[in-house]
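Structures for review follow.
Here come two complexes built around subunit A, the first alongside subunit B, the second alongside subunit C.
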Partner chain A sequence: MNNKVTRNLYLFPYALWIVLFVVAPLLLVLYYSFFDIEGHFSLVNYKTFFTPVYLKMTLSSFWYAFLITVISLIIAYPTAYLLTKTIHKQLWLLLIIVPSWINLLLKAYAFLGIFGTKGIANSFLEAVGIGAKQILFTDFSFVFVSVYIFIPFMILPIFNALNELNPTLLDAANDLGASKWITFRRVIFPLTIDGVKAGCQVVFIPALSLFMLTRLIAGNRVITLGTAIEQQFLVTQDWGMGSTIAVFLILIMFLIISLTGNRKRGV
Partner chain B sequence: MVYKLDQRITPLSRIFLVLIFFILYAPIFFLVFYSFNSGGTMYNFKSFTLDWYRELFQDSRLLIIVLNTLVIALVSSLFATIIGTLGALGIHSIRKRQTKNTLLSLNNVLIVSPDVIIGASFLILFTMAGIKLGMYSVLLSHIAFSIPIVVLMVLPKLSEMSPTLIDAARDLGASQWNVLTKVVLPFITPGIFAGFFMALTYSLDDFAVTFFVTGNGFTTLSVEIYSLARRGISLNVNALSALLFLFTLVLVVVYYFISQRNRPGRWGVKK
Partner chain C sequence: MTNAIIQFKQVTKQYDNDPAVLDQVSFEIERGKFYTLLGPSGCGKTTILRLIAGFTEATKGDIFFNGKKINDVPANKRQVNTVFQDYALFPHLNVFENVAFGLRIKKMKNADIQQKVKEALSFVNLEGYETREIREMSGGQRQRVAIARAIVNEPEVILLDEPLSALDLKLRTEMQYELRELQRRLGITFIFVTHDQEEALAMSDEIFVLNKGIIQQSGTPIDIYDEPINRFVADFIGESNIVEGKMIKDYLVEFVGGQFECVDRGLNPNESVDIVIRPEDLEITTLERGKLQVRVDSQLFRGVHYEISCYDKDGNEWLVHSTKKAAVGDEIGLYFDPEAIHVMRFGETEADFDRRLEAYSAGDAHEQ
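== the complex of A and B ==
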């Protein structure tokens, strides 16, 4: 059949893209991770990665990503739940998504003003009587701004999962005498776990790797895996070490994706 | 029924929702508000001025950067849409499930990959291939990371299409080309538009990948905002963000209408 010919014609540019921009870059990162800063083949980068300095950095990066994901989830779940109960829910959802379309750097920049020494947050603290504090360039500001940025991405998949929930199931649980809490724990939450997983995936992976936030908001006090990669590639110019960290980040990424399952429903 | 559901929102949860919306929008309006401050800082509002906007429009370097960003976004989305649509058509026509799944997983790699990984690996790629960092490397990377999203927007439309439609066209004597241009493409047009639009927003929003693969001579808006913000507060950036916010709102409205045409009843109010 000449169907096959056309199909191959369609697939050719796309396959070329996959080879050049998906497979090749991943292999190149792996290849570069075996070279030290002078360009000699060695495993020194892997040795360096398993020293306390890098392991500590990886752990703290994980800790921050975990905190950011958990806090986002705690805020996003009730929000998504309440949104499904509003009248014009799709419109409200759209309004939740709009801030995520504003350039991330501008939002980070806004917090430079809000959290600054004379910023509005400090004026508020003074008015309340706590007194001005150093807010910018602390771990608190990093976690706060990250959660702020990721909340819409967490709300969206949870909202979709809750929206697909069959309301008769809730009536059934109610009829069978389940309390509100039991209904939530045994019916609502298990049925929307896919949305929660998808949300955690879209938050956790970027939270490990956003380097501009740590640079702008945390003032290099927080170093995530992403910051380390950017540092090695663009400042130290040690591409080998940068690639090694990238290899581990990629491994972590695949691990998380396999843990949170395939996002079949999409975001 | 809908009304009854709404009754279940207690005043407390209403306050919670209002608070969430407030937190989400307050920083943006904060930026816009201080773009009118003649004081030059993001505290202590002195008096109303449009100076920052005037300065913005007189800054020819910045205007060139805006132009660069728009050109990159439009050209990369166009190429990504063409390649992505062809790819979706190809993937759709594959019968073997395993091949299809492999292609789909490879397709999703760039979507889930953190920007830092994409940026760093493309930097290695371009250096190895001997492509000079600058406009072309940025353009190529933007095309590359926009393709998978176009595929994901077009594929559902293709699977929605009934295969009998194509059989009917063939029976009526349509050539392969005619089937494609007169039957398939018109059917998947909403998906293609949505893909193009998403690619456009991806490209406009991207910072990290561009930051890695751009050389000294070429800058996009995000990279410029980053370097301005690292230098501290300047209300030019506020004025810029106000304009970008307006632009985003326009895009959102356009997207709203596209998606409404795409999935009737999904967005907006259903009677």
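== the complex of A and C ==
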């Protein structure tokens, strides 16, 4: 009995935190979504969301988030694999993780310098004879910078999954006649799928609501749900519409988490 | 030899600049027999299996399979399957798919796969477990899945790396019988690794005793138990009393201050040797009848016999296995036959050792 009481006592600060900073804001967002710009209770925001403008925005958000996730995965998986093979793997991992500690804005500004008309990238293109290009404010630069920012979050879970893989399983597959490729397809990949899922979650979901980068790097050419929310709150001052988009964003996140969920099967 | 399926010729394995893990090892494995590699931890048993399976390459020397050199054949192309020490079953596949893994890679027809997996599972008494997940299987069952996964491919050789070490004593004894029985029924060559000498004696047609990367002795369990080549083998296989001695002349050896009749000959006069007498060859008797006089130090009841530890006046320990009880602190005599004395020369090679033993039996034949 006593034990239970103390445990509840310990849980109290945590519960308080959750209620104040997670549950309450969510409820507030839901509440605001039912008011139009004049402050009258209505469902007009939900109707607006299902108009082509917003549906297209949702789709394009998905598309960019998807691109960013897939490209990150394609780069991160082999990188994580090579990392597990190096001698000082923890050190290498640290080197990859460290950039993710630097503020996102700082990194964005750094890329403004690199990709700018007089930046290193263009100097290089000129030097090899291709000539300067408009790099900044394109889809390419947006995806490139996003991938750069998210890649450590993709590498980490995949690295952990690969690192936990029992190496005798690879010998066993080899012993049973599997080539390197078949071993990868039938053993390594299925056994690290949880790491891949975790990586995709932590990349896809934030990528869906990216907003600073869309302005700085993509020059507002890319409008994601995150940008839309920001605009509604700060520019149009339509809190109701902003909240409605947020509600959908939250729903989508829950959907993704539950779809890529049920982890941990191992022995 | 025509029946040899695997041959090692002067195989050396060395990591970086460490001392060699295997040092010029040569041996032959004959088709259809049960072989055991026996030796203490780190002596190179797993390394030999890995060389045969193709997971690692020999630094020097050649490995032959069916008369063909296979040093450069990759593991997935070798006619060998392994039962790993930790079983290495695929945790994301169920029992059926684990066993079917090798067959699916060979792109066998589905109906055939069903049939073969079923057969293999019934071979190891696991019918009806097809859809179980690996984590739902006990240690003994997992081991049998691992065996089924190996035999279903119908390899010519199965390598087993201490597959029983994780099991409790009862299950282990049971599995020893099952494995031996399985090997007889299948007629496949088994190469079994263990560091448990009783297991090796009970199961094998032939034992290789390894130490520090060198095969110390090979032979049938009885050969090795009865005629250990040196102190290491005598000590490792069963319990032994080992003392230093001197060969006075043919058929006469001196140790612990006495001279005793023995059956060995052909050694140099006054050559220093090691003497082995097995505890079960020592018989408790009166002080007068005993060839050795010792004092009983302690006694343990071992179920079928008493294990009695005695000391002679020079402080050598003598272990006796006897069905008769002794009283701790008593002075007793120990009797043994001339045949119970095993004389081991220092640094004798296996070939010389075999020649010497053969000469004895030829000699016996003459005398009769």
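Structural remarks
In this section, the second predicted complex is superposed on the first by the 248 of 267 C-alpha atoms of A that agree within 3 Å, B and C clash if a C-alpha of one lies under 4 Å from a C-alpha of the other, contacts with A are read in each partner's own complex, and residues count from 1 in each chain.
Here is the rule we use: a residue touches a chain if its C-beta (ideal position, glycine included) is under 8 Å from a C-beta of that chain, and two chains touch if they have at least 3 such contacts.
Fair warning: this is a prediction, and the values are worked out from it, not measured in the lab.
Once chain A of one complex is fitted onto chain A of the other, the partner contacts of A:P190 are limited to subunit C, with no touch recorded for subunit B.
In the superposed model, A:W17 makes contact with subunit B only, not with subunit C.
If you count the residues of subunit A touched by subunit B and by subunit C, you find the higher number for B. Once the two complexes are laid over each other on the shared chain, residue contacts for A:I75 go to subunit B alone; subunit C is not touched. In the superposed model, A:L55 makes contact with neither subunit B nor subunit C. In the superposed pair of complexes, A:D175 makes contact with subunit C only, with no contact to subunit B. Contact with neither subunit B nor subunit C is seen for A:L255 once the two complexes are overlaid on the shared chain. When both complexes are overlaid on chain A, the residue A:L43 reaches neither subunit B nor subunit C. In the three-chain superposition model, subunit A touches both subunit B and subunit C at residues 266. Taken in their complex, subunit A has these residues touching subunit C: 166, 168-169, 171-179, 182, 186-187, 190-191, 265-267. Against subunit A, the residues of subunit C that register as touching in their complex are 53-55, 74-77, 80-82, 84-86, 88-92, 101-102, 105-106, 134-135, 149, 153. Interface residues of subunit B facing subunit A in the complex, by the touch rule stated above, are 2-3, 5-6, 8-9, 13, 16-17, 20-21, 23-25, 27-28, 30-31, 34, 41-44, 82-84, 86-87, 89-91, 93-94, 103, 106-107, 109-110, 112-118, 120-125, 128, 144, 147, 151-152, 176, 201, 204-205, 207-208, 211-212, 221-222, 225-226, 229-230, 232-233, 237, 240-241, 244-245, 248-249, 251-252, 256, 266-269.
Put simply, subunit A touches subunit B in their complex at residues 2-3, 6-8, 10-11, 13-14, 17-18, 20-26, 28-29, 32, 75, 78-79, 82-83, 85-88, 90-91, 94-96, 98-99, 101-114, 116, 118-120, 123, 148, 151-152, 201, 205-206, 208-212, 215-216, 225-226, 229-230, 233-234, 239, 242-243, 246, 249-250, 253, 257, 266.
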